[in-house]
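Next, two complexes with subunit A in common: one pairs it with subunit B, the other with subunit C.
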Partner chain A sequence: MTAMQTKSPHSSDGSDYSLRDHFRIWRTMLTISLEERLVYRGDFALGTLLRFLPIVTQVFLWTAVFSAAGRSDIAGYSKNDIVAYYLLAMATRAFSSMPGLAGSIARGIRDGSIKKYLVQPVDYIGFLFAMRVAHKLVYFAVALGPFVLVLFLFRSYFPAIPDVGTIIAFAASLFMAFLIGFFLEATLGMLGFWFLEVASLLFVYMLANYLLSGHMFPLDMLDGIATGILGISLGDVVKMLPFEYTAYFPAAIWLGKISGPAMYQGLLIEAMWVIVMAAACRLAYDRGSRHWSAVGG
Partner chain B sequence: MGRYWRVFATFAVAGMVRDMTFRTNFLIACISSIAWVAMNLSFYVLVFSFTPELGLNTGWSREPFFVFVATGLIINSIVQTFFMPSAEEFSEMVRSGGLDAVLVQPLDAQFLITCHRVDYSSLANGMVGFLLLFWSLLSMKWTPTPVAFLLYPLFVISGVTILYSFIIGLAAATIFLGRNQSLYDFWFYITTFSRYPMEIYSGPWGTPLQTLCTFVLPILVVVNVPARLLARPFLMSDTNLAIWSLLAAGVSFIVSRRVFTHSIDRYRSASS
Partner chain C sequence: MNASSRLPTVDRSLANDDVIQVSGLSKSYRVYDKPEGIAASISGLFRRKHRTVHALQNIDLSVKRGEFVALLGPNGAGKTTCLKLLSGIITPTSGEARVLGHVPWDRENAYRRRFSLVMGQRNQLWWDLPASESFKLHREIYRIDAGHFDRIRDELVDLLGVRSLLLQPVRDLSLGERMKLELVASLLHEPEVLFLDEPTLGLDVVAQHAVHGFLQHYQSARRVTVMLTTHYMKDVAALCQRVVVVMHGSILYDGSLAAFIDRYSTHKLVTLEMSNAPNPALLARWGSDVEVRGPEILVRVDRTQVASVLPELLEIPSIVDITVEDVPLEEIVASLFRSNDSGNSRTHDGAPA
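Now for the complex of A and B:
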């Protein structure tokens, strides 16, 4: 049995390359990833289209809730707002969700296949990022048609198109949702350097994210639930976590539930979460790859 | 037939040995499944904090709805324990050519593909389902008749048969697509329609959807029929639905079997 002690991924090998070379490597990685994603087009297209199905049940569920509740709004959301919210949250999740990212990183660490990134002048996180960008490009190329169709069919549920400032803030929140989602999942995957098997951890994360991101319901619905701590509701606690930026926050911006100073403050906090998660991801990779040993040939 | 039961018993024992070999993993899987159910239940509790029932005058108030949810958990846990783990491997078997080894066995290919792996951790959801059912029945104002209790297992099996047929159909699609990693996704998404009482699908869009999901893809009868037996007094319209449910189970099974056989005939080995 042989063990290969790895050197730091930030060796002089990488720094000898010019910015143009780095760009060429990154473009090649993107092209490879795009081609890989398009090999099984049928499977990918089917998977993309299927994501629209749960929204249909949510629309009917909340329609039934409103018809029986005998009230025009729930937690500040009308029936139309709720439907629009789910569609927007779904659009946001399309940016922030990173299916298979953490699992593939942990698998690479476990079976040793990550070593090829450690001995080549390629930044592993950069490679993963290029792959994810490729994944999203293919996803949106496939999903754009269905998304436009669904949004058109449900157009009557949406409020009037907001002002330019809100649209820019919405776009910025979506972009940062992508970054938060990527770095969060990549960091979880990097924990494989210490734990090897992170499947259970990922399941806990998936549960927490599904519940706390606003994917299941608008987080404002938690505002009325007391925590027992004076003046702090469950909604307040949930909004202290980064999860809300991966579904709730962009949707709430578009719907005007968050506006003015609160919106800019939210964007600032989201940007801080991006920096924190990016730093955590880099730190986990640097520390983890230093003490990691590849076993086998 | 006896031979198949013996082989299935062997698979069941092997599954138990595998699960008990990795006991911690088994325990974590059980806890994870229960956590997922708990999360969904908390969502339903939140929903019922805003409304007395799902849909105006539908009768689906909190306790009857939890009977519905419990029935769904029981049916899904049976499918996820005995059939889904095997079917999930089918995609990779087709892609890698591993299906060849199955086709040369002196046993029915469909049986081997859909029954060779048993995942006992999925039974945890079923246990939660039984507990929830027990609690809901005790909390309800209405008590089901003994006949309803006797018929309940029959319609649970009917629901399982319909879901099994869907799995077979999806497995057959794998052969045409070359790879079908979306199999589980599709399963998850299509079963979301069966998570709620069929009454919520109403209106200009809902009624056609309800008809489609009842008579063409009979996913709505899977949980609705057995749940109605216990959740509320049985109506004449429920009787018709119950008869259709049994018919749909039989037709689904036969059609899925034919589709699967046809797709196996088209299979070309991917191995060297």
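Now for the complex of A and C:
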């Protein structure tokens, strides 16, 4: 075997891609995925706009809830707070939700098309990330107008604009919400290396995410509900999970529901979840792609 | 980084070394049937019934630089598994392999920049974009110097006659056109080893011919090492000097194509053209599988008997013409596959051409 290990011109420079090389690859992926996203502009624009419909039903729902309860305040939220919360949670989910990510990874594993990323000198997770950034950029390009319009129309529901420190914390929490959403869904998709079909798991995840992220109601409403174990409330349990950082947490920062040490602690936990999920994603990919038998052609 | 270190050049000093070395390579899969539904998904997380499939069993193989090797075998014989192992997509159950000095399943970038895997009907091109965009991405992924990239791309595109297709979205192209562009994409970084999995699958005769011509020219001009799996014996006859037959995960034959035909072709195909309606019963005494095609009648005659049978056949009245040919490669291979359907016998024969 020794004769075969003679160095060729490639082996000296093949494994050490510099940061600049990575950046160039990443930039090309980004522009190509941007171009690809823009091919189906009609579908994309429509899908983006339809996302705003649920806010209308939510406003009606909570108006009904408040009038039925006969109170101006539910768990510390006024009707205005609730509407503002919804809009902010929706804006956060625009960062953290990853439509189709896990499904497309699992599909690539199932039908074998993921193979091309295994044989090319390219990092699959980095590739997915570039794709997703492109996806979000196009999304925001289309959705920015409607977002601004909706926020303007509902401006009376919002409290005064917070101070700069809070805005920076809000921006940081949004950015990390994107990262958590990305790595969480990507990890779920990578489970396809073991299970091939992850649709059922994804359904469970979406259900859990819907309830536990704050997409359905502000999570601090759970604070008073006891689990019956060691005096821990349901809210305490939810705080340990990554989900609330993908909707509730950034919205709560903007609305001033979380501030001071609690906010910094939250940001720290969120950062920890980013690291944990990124590591989980990498581990799932490394282990999974070695476990995988590349059936399906 | 300067331009010269970016240029992948073929290292001639390795010319006589084995580029691919495989010893004792085995791959077993554990497969299961997954029931539908969410309850089954969750219970399936904990317990599953598996059975083991031995896709490859103790394979030994070595391929020299510049060889063009065909991997033949019926569906499920282990051909594609072999290519998947050598390209590092999967890891083996046991055994070793080195390609260009690298262990494929370590997936080092240093290795991945030096080979290419082309899977028929599998897209490495972006479906909704023109191929030129996908090529650009390859340029960055493989760090190909821009000027050099343009030269290589132009050369490949012209050889395959696909220059006019570069700016069309890939989804608008025919299968044959796509396959040609796939080939271009996989050769832009000038791989030293090329794995082709069913490259002509589904192509019409004209496209097949174009792909053959291209591969033949490219391989001989650049001395690339090529391993190809195929079901089309035309691919084999046109391209490969060496044939490796895989059956039930083991190598049944490894040697030159000529020696393969010599060894496994037991009959010659004799075709008689008759002036009247041919009567198959007439020929049964000389050979097997008598077949009537219009005015022609075909009979397979044992190779050792041909010399003695021919004069007798010429005695038959109403004969217009007579031809003697080798049995088509397809038939040889098919009968070999059939006859070894349960066996695990294993022979090595002949030196690589």
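Assume the second predicted complex is superposed on the first by the 278 of 297 C-alpha atoms of A that agree within 3 Å, B and C clash if a C-alpha of one lies under 4 Å from a C-alpha of the other, contacts with A are read in each partner's own complex, and residues count from 1 in each chain.
One rule holds for everything that comes next: a residue touches a chain if its C-beta (ideal position, glycine included) is under 8 Å from a C-beta of that chain, and two chains touch if they have at least 3 such contacts.
For clarity, every value in this text was computed on a predicted model and none was experimentally measured.
Number of subunit A residues touched is higher for C, counting subunit B against subunit C. Legend: residue contacts after superposition of the two complexes on their common chain; A:203 is shown touching both subunit B and subunit C. In the superposed model, A:195 lies in contact with subunit C only, and not with subunit B.
Residue contacts after overlaying the shared chain place A:24 against subunit C, while subunit B stays out of touching range. Of the two partner chains placed around the shared chain by superposition, subunit B is the only one that A:51 touches, whereas subunit C remains out of contact. Taken together, the two structures place residues 40, 200, 203-204 of subunit A in contact with subunit B in one case and with subunit C in the other.
Subunit C meets subunit A in the complex at residues 1, 5, 8-9, 11, 13-14, 17-19, 21, 29-31, 34, 37-38, 41-42, 44-45, 80, 84, 87-91, 98, 100-102, 105, 107-117, 119, 122-124, 126, 128-129, 133-134, 136-137, 139-143, 169, 192. Those residues of subunit A whose C-beta lies close enough to touch subunit B in the complex are 40, 42-43, 46-47, 50-51, 53-54, 56-57, 60-61, 63-69, 71, 74-75, 200, 203-204, 207, 210-211, 216-217, 221.
Across the complex, subunit A meets subunit C through its residues 1, 3-15, 17-18, 21, 24-25, 27-29, 32, 35-36, 39-40, 112-113, 115-116, 118-122, 195-197, 200-201, 203-204, 290, 292-295, 297. Of all residues in subunit B, only 28, 32, 35-36, 39, 42-43, 46-47, 50-58, 177-182, 185-186, 189-190, 192-193, 195-196, 199-203, 206, 209 touch subunit A in the complex they form.
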